[in-house]
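Working notes, structure below.
A, B, C and D are the chain letters, set down in written order, and residue numbers restart from 1 in every chain.
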Amino acid sequence: MGKKQIAVLTSGGDAPGMNAAVRSVVRTALTSGMGVFGVHRGYNGLLNCDVEEMNLRSVSDIIHNGGTILYTARSPEFNSPEGVQKAAENCRKLGIEGLIVIGGDGSFRGARDLTQAGIPCIGVPGTIDNDIACSEYTIGYDTAMNTAMEMVDRLRDTTESHDRCSVVEVMGRRCGDIALNTGIAVGAMAILVPEQPYDFERDIYQRMQYTQRIGKRHFIIVVAEGAGCHVEELAKEIEKHTGIETRATILGHVQRGGSPSLRDRVVATQMGYHAVKLLLDGESNRVVAMRNGLIVDFDITEALEMLRRFDTELYRIAMKVSI
Amino acid sequence: MGKKQIAVLTSGGDAPGMNAAVRSVVRTALTSGMGVFGVHRGYNGLLNCDVEEMNLRSVSDIIHNGGTILYTARSPEFNSPEGVQKAAENCRKLGIEGLIVIGGDGSFRGARDLTQAGIPCIGVPGTIDNDIACSEYTIGYDTAMNTAMEMVDRLRDTTESHDRCSVVEVMGRRCGDIALNTGIAVGAMAILVPEQPYDFERDIYQRMQYTQRIGKRHFIIVVAEGAGCHVEELAKEIEKHTGIETRATILGHVQRGGSPSLRDRVVATQMGYHAVKLLLDGESNRVVAMRNGLIVDFDITEALEMLRRFDTELYRIAMKVSI
Amino acid sequence: MGKKQIAVLTSGGDAPGMNAAVRSVVRTALTSGMGVFGVHRGYNGLLNCDVEEMNLRSVSDIIHNGGTILYTARSPEFNSPEGVQKAAENCRKLGIEGLIVIGGDGSFRGARDLTQAGIPCIGVPGTIDNDIACSEYTIGYDTAMNTAMEMVDRLRDTTESHDRCSVVEVMGRRCGDIALNTGIAVGAMAILVPEQPYDFERDIYQRMQYTQRIGKRHFIIVVAEGAGCHVEELAKEIEKHTGIETRATILGHVQRGGSPSLRDRVVATQMGYHAVKLLLDGESNRVVAMRNGLIVDFDITEALEMLRRFDTELYRIAMKVSI
Amino acid sequence: MGKKQIAVLTSGGDAPGMNAAVRSVVRTALTSGMGVFGVHRGYNGLLNCDVEEMNLRSVSDIIHNGGTILYTARSPEFNSPEGVQKAAENCRKLGIEGLIVIGGDGSFRGARDLTQAGIPCIGVPGTIDNDIACSEYTIGYDTAMNTAMEMVDRLRDTTESHDRCSVVEVMGRRCGDIALNTGIAVGAMAILVPEQPYDFERDIYQRMQYTQRIGKRHFIIVVAEGAGCHVEELAKEIEKHTGIETRATILGHVQRGGSPSLRDRVVATQMGYHAVKLLLDGESNRVVAMRNGLIVDFDITEALEMLRRFDTELYRIAMKVSI
């Protein structure tokens, strides 16, 4: 009895903007008359009742911080029917009547299972990889790309001063969106992504030699983590085929951190708000998403079966202007 | 006879990403078989034939630079029927069969006039203010907001250390979008924009006193340049009414510069590409725009009559979570 | 009896790196076997016993944050013999046997008075202004200059795109060091500081016209806050005398905030360490300083009477290369 | 007869601030009545007479750019007595009566050889590694450290959110200065440098376990490139010995680029100025250096034989406060 109690957790890899989403969930819930628990370390916090009651000030001065104040972790125990049941029981004990899960597809599968076990869940896409099929945007994606871009901008200085070629691996797991957009933004001569077949001879060596003839002396190649291409080896191959000194760089986990960009803070705020509204309206098993620039939501089960669409038109534009 | 010749200019206030748009126009035109002139200092370059023939390398290593390599300026002379005729004649002399104008509404009116004088023009929205009614996004807007946000993040440190209130004026001319989004991103307690009526008593003093009671000790207020509110005076009023030490800051022209954000570089690349395609397709008097996240185009004359829509839902969310 | 107990406070304007200094004081004291209190809001915390006992984890994850976790404030009450006595008595009540004061000259006068009242004090120069005569470096100075420089770098883009002149006021109170170094770093055509007489005709108008003749089209002028020159008016004068469109910008409090630079973090760590060592060695009424790149210390009373030396050689170099 | 003609080149790895040094050399020489050639791609430009005559505007708007407008490259041909003779002859043909070489020890050996072949040379320390024994500061060092620090600050977010350990390799070749200072600035729990013996058991595992007991849950370890320790393997060892999830990151060439920090711009300006003054004064075979914060110079041959001193006191402070 009394006011409705919900909870929020962050799960999977951390992403800049997760704190903005947590803040928005907590503030929207509290100002809508609900109580909110913050659950620590993803689903683990539900398994061991590691939760804290949040108030308006619990989320003060966090909107600009990377990472997540709720911490995040994988939870092998939760990935079993017994784990899900235990989490659901703990929710009932704690009086948690709804849960907002900020994370990626794996986290949403957990949310679906927990919904089926009786705890209404709402997913919010929080991952730098932009690999959630139902949403054209995920929290953390803009920051990660800007970080990658700024790092390649720095590489450009040294690449240019030495007339070199830089091969740079960016994150994104199986999704080429970070690579495509970062590649465009840094004027990469070639962009290798999992979604597009590529051919070193045609897409790299010939392209380099052509642009070299028209005056280009330094080259940047952006490779998606999931493109199936070892950047150290590619660098050696390029040097062998073109004679141009080539260096490989793996940007790595630096891309996951940092103060979130404006877009990540604003979208996280909108999505957190929308998630609470769904719980208020009695919805469950929904995932918040961005479609055509608008905040919408989908059934989690359906969302998990959607297929990602790669922006081939944008890829074509990239190849047209990076010459 | 021979290949089609087009030109590109930047006009009005400069905006980060203009160089990415110029680069995309030049590269797309050249790789589509056209020739391209870069016109210097906006419409002035057409009046005094201050143009340069661009090649693929003319736009190398500019995508990451703020400002515009073509320079920009107001052109009072062009703002007369005689000016427009002279510009059109010069275009004909130079063999310019199409012109891409990167700028704001004022620049698009010039593009419309020049189209009527026989030179097909295409507008590309380039202004930090996001004040083009037909487009939900203008080149430079994302960078300017991130710059404003980072500056307010810095102010936050000193505001917090001293238990103060900061009143910050951000740019945007008659448009409150920069203020609204920056305000959300920095967790501003109040956001004053031209599009929403405000009341100091209700929206500032009472809100401050309420949040103070629940533990907040420092406050940020974001004010749009066009909100009709003098920030120095507002700061004094706040100090008088609440007893909280208050400082005003006008962020100023710093917001116009800097290396463009990833989003500005990518959208500028898409818009520049789209503009050239329109000329290739024989279109004229069109303005490129973003609608629902997609790149589209409108008739300039119709676009100039559209009314901007302020995102009141986003404003409501901002007020809900910044407490 | 038992272990020696000391305290640390931050006073005066906040400066990036103060947290690094607090962290170093706390950690050095604790690992040297002392106890440490953090005093809140400068000397006020001594007057109203607003202190917290610090442990090793109290200062975790603060080294990269601007502002000060101890807060800072002016304390009119402390600026009286009665205030000093009350603070000293409270120190005795709390068992505080030594105090480290991070701040500027005003704060050091307080430290001297409190030492005379029986509480051994050590000063650490923490102010962005670099206006402590005995030390060639103050904590926060490097960050503030880099912030100012980055902001002027942004202004440069728009200044260049429009062939304009920018007049920029930077902080530093009565000290021209921020202006001189920032001016050199941004390639300012003129730098106005309190320590050097200047003449608009000779140092600005003639210099602008000379460099204009040799091809310069945009100009940056850096003015120290304490130079006695109103930048808005100077901008108007320049426009009147040279015909070049001129804009004024006051960078303001943004310069006080932000994550500290590496140098500020390292020097703050060194100075905090040195301050604790002085207390351990039974010293009092000393101020930590940097001289010829080394960390040293002076008697506070003597330090307060030293005169600052302006680097006129560096000023001459600036004028030689910014042409 | 005629004015004195000098030349400037950048050699070895590029470093942020080299452009500021080139600008200072060119402007100081020109305003002192000399002529200046810019030599392209290090000593190669002397071998193939790839030089350009510089004027005051040749170095406009470069002070804020990373890399080097003169390009840099290794020159195997120059590393032979014949190469040196050929370079000296070309200097005589071109009328070059003095040469300023911005680079590291290898570049200074070339300068010494060229001086012996009759062309007076002056070295300026330009390398991010701070590995020039005679100078406590090299151009590019401050920027590289700040870049490394900012990248580790980003890693901290994700390290903290996941309760992980991050092992980060920073640059510096055989010199541990970048690692030591970056390690202090990011609050690294352990710092491995070539100058200090280390022991995994004592310096890492035990230290981690101790701080873990007092509440620390995430750890950063900074490793100098020259410390003789493979970070991927160290990460695995740490995970094995402590059970804490550990990730390795090699920051790589990103550390070499980017807009130079204020300090690098100012010191580069001072050093470039000093180098020209030495040539004006008829000096040769000198290297500019910083000692105790002052700009001085040494005989190149003597400088090359000096031994670097590692700041063991600073290392001790680091270990004291990072607990």
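Definition applied: a contact is a pair of C-beta atoms (placed from the backbone, for glycine too) under 8 Å apart; a residue touches a chain by one contact, two chains touch by 3 or more.
Keep in mind that this is a model prediction, so the values were computed, not measured.
Chemist: What shortest step count links chain A and chain C in the network of chain contacts?
Modeler: Each step joins two touching chains, and the minimum needed here is 2.
Chemist: Find the chain most remote from chain A, comparing centres computed as mean CA coordinates.
Modeler: Of all chains, C has its centre farthest from that of chain A.
Chemist: Starting from the mean Cα coordinates of chain B and chain C, work out the distance between those two points in Å.
Modeler: Going by mean C-alpha positions, chain B sits 36 Å from chain C.
Chemist: Round to the nearest whole Å and give the separation of the Cα centres of chain B and chain D.
Modeler: A distance of 39 Å separates the two centres.
Chemist: How many angstrom lie between the CA centroids of chain A and chain B, rounded to a whole number?
Modeler: Computed from C-alpha means, the inter-chain centre distance equals 28 Å.
Chemist: Quick check: what residues of chain C touch more than one other chain, meaning two or more?
Modeler: Chain C, residues with two or more chain partners: 153, 156, 160.
Chemist: Check the chains against each other and report every pair that touches.
Modeler: A-B, A-D, B-C, C-D
Chemist: What residues on chain B touch chain A, complex-wise?
Modeler: Listed in rising order, the residues of chain B that touch chain A are 23-24, 27-28, 31, 55-57, 60-61, 63-64, 136, 142, 145-146, 149, 153, 156, 160, 181-182, 184-187, 211, 214-216, 259, 261-263, 265-266, 269-270, 272-273, 292-294, 314, 317-318, 320-323.
Chemist: Of all residues in chain D, which touch chain A in the complex?
Modeler: Interface residues on chain D, with respect to chain A: 10, 13-14, 16, 41, 65-68, 71-73, 147, 151, 153-158, 160-163, 166, 247, 249-258.
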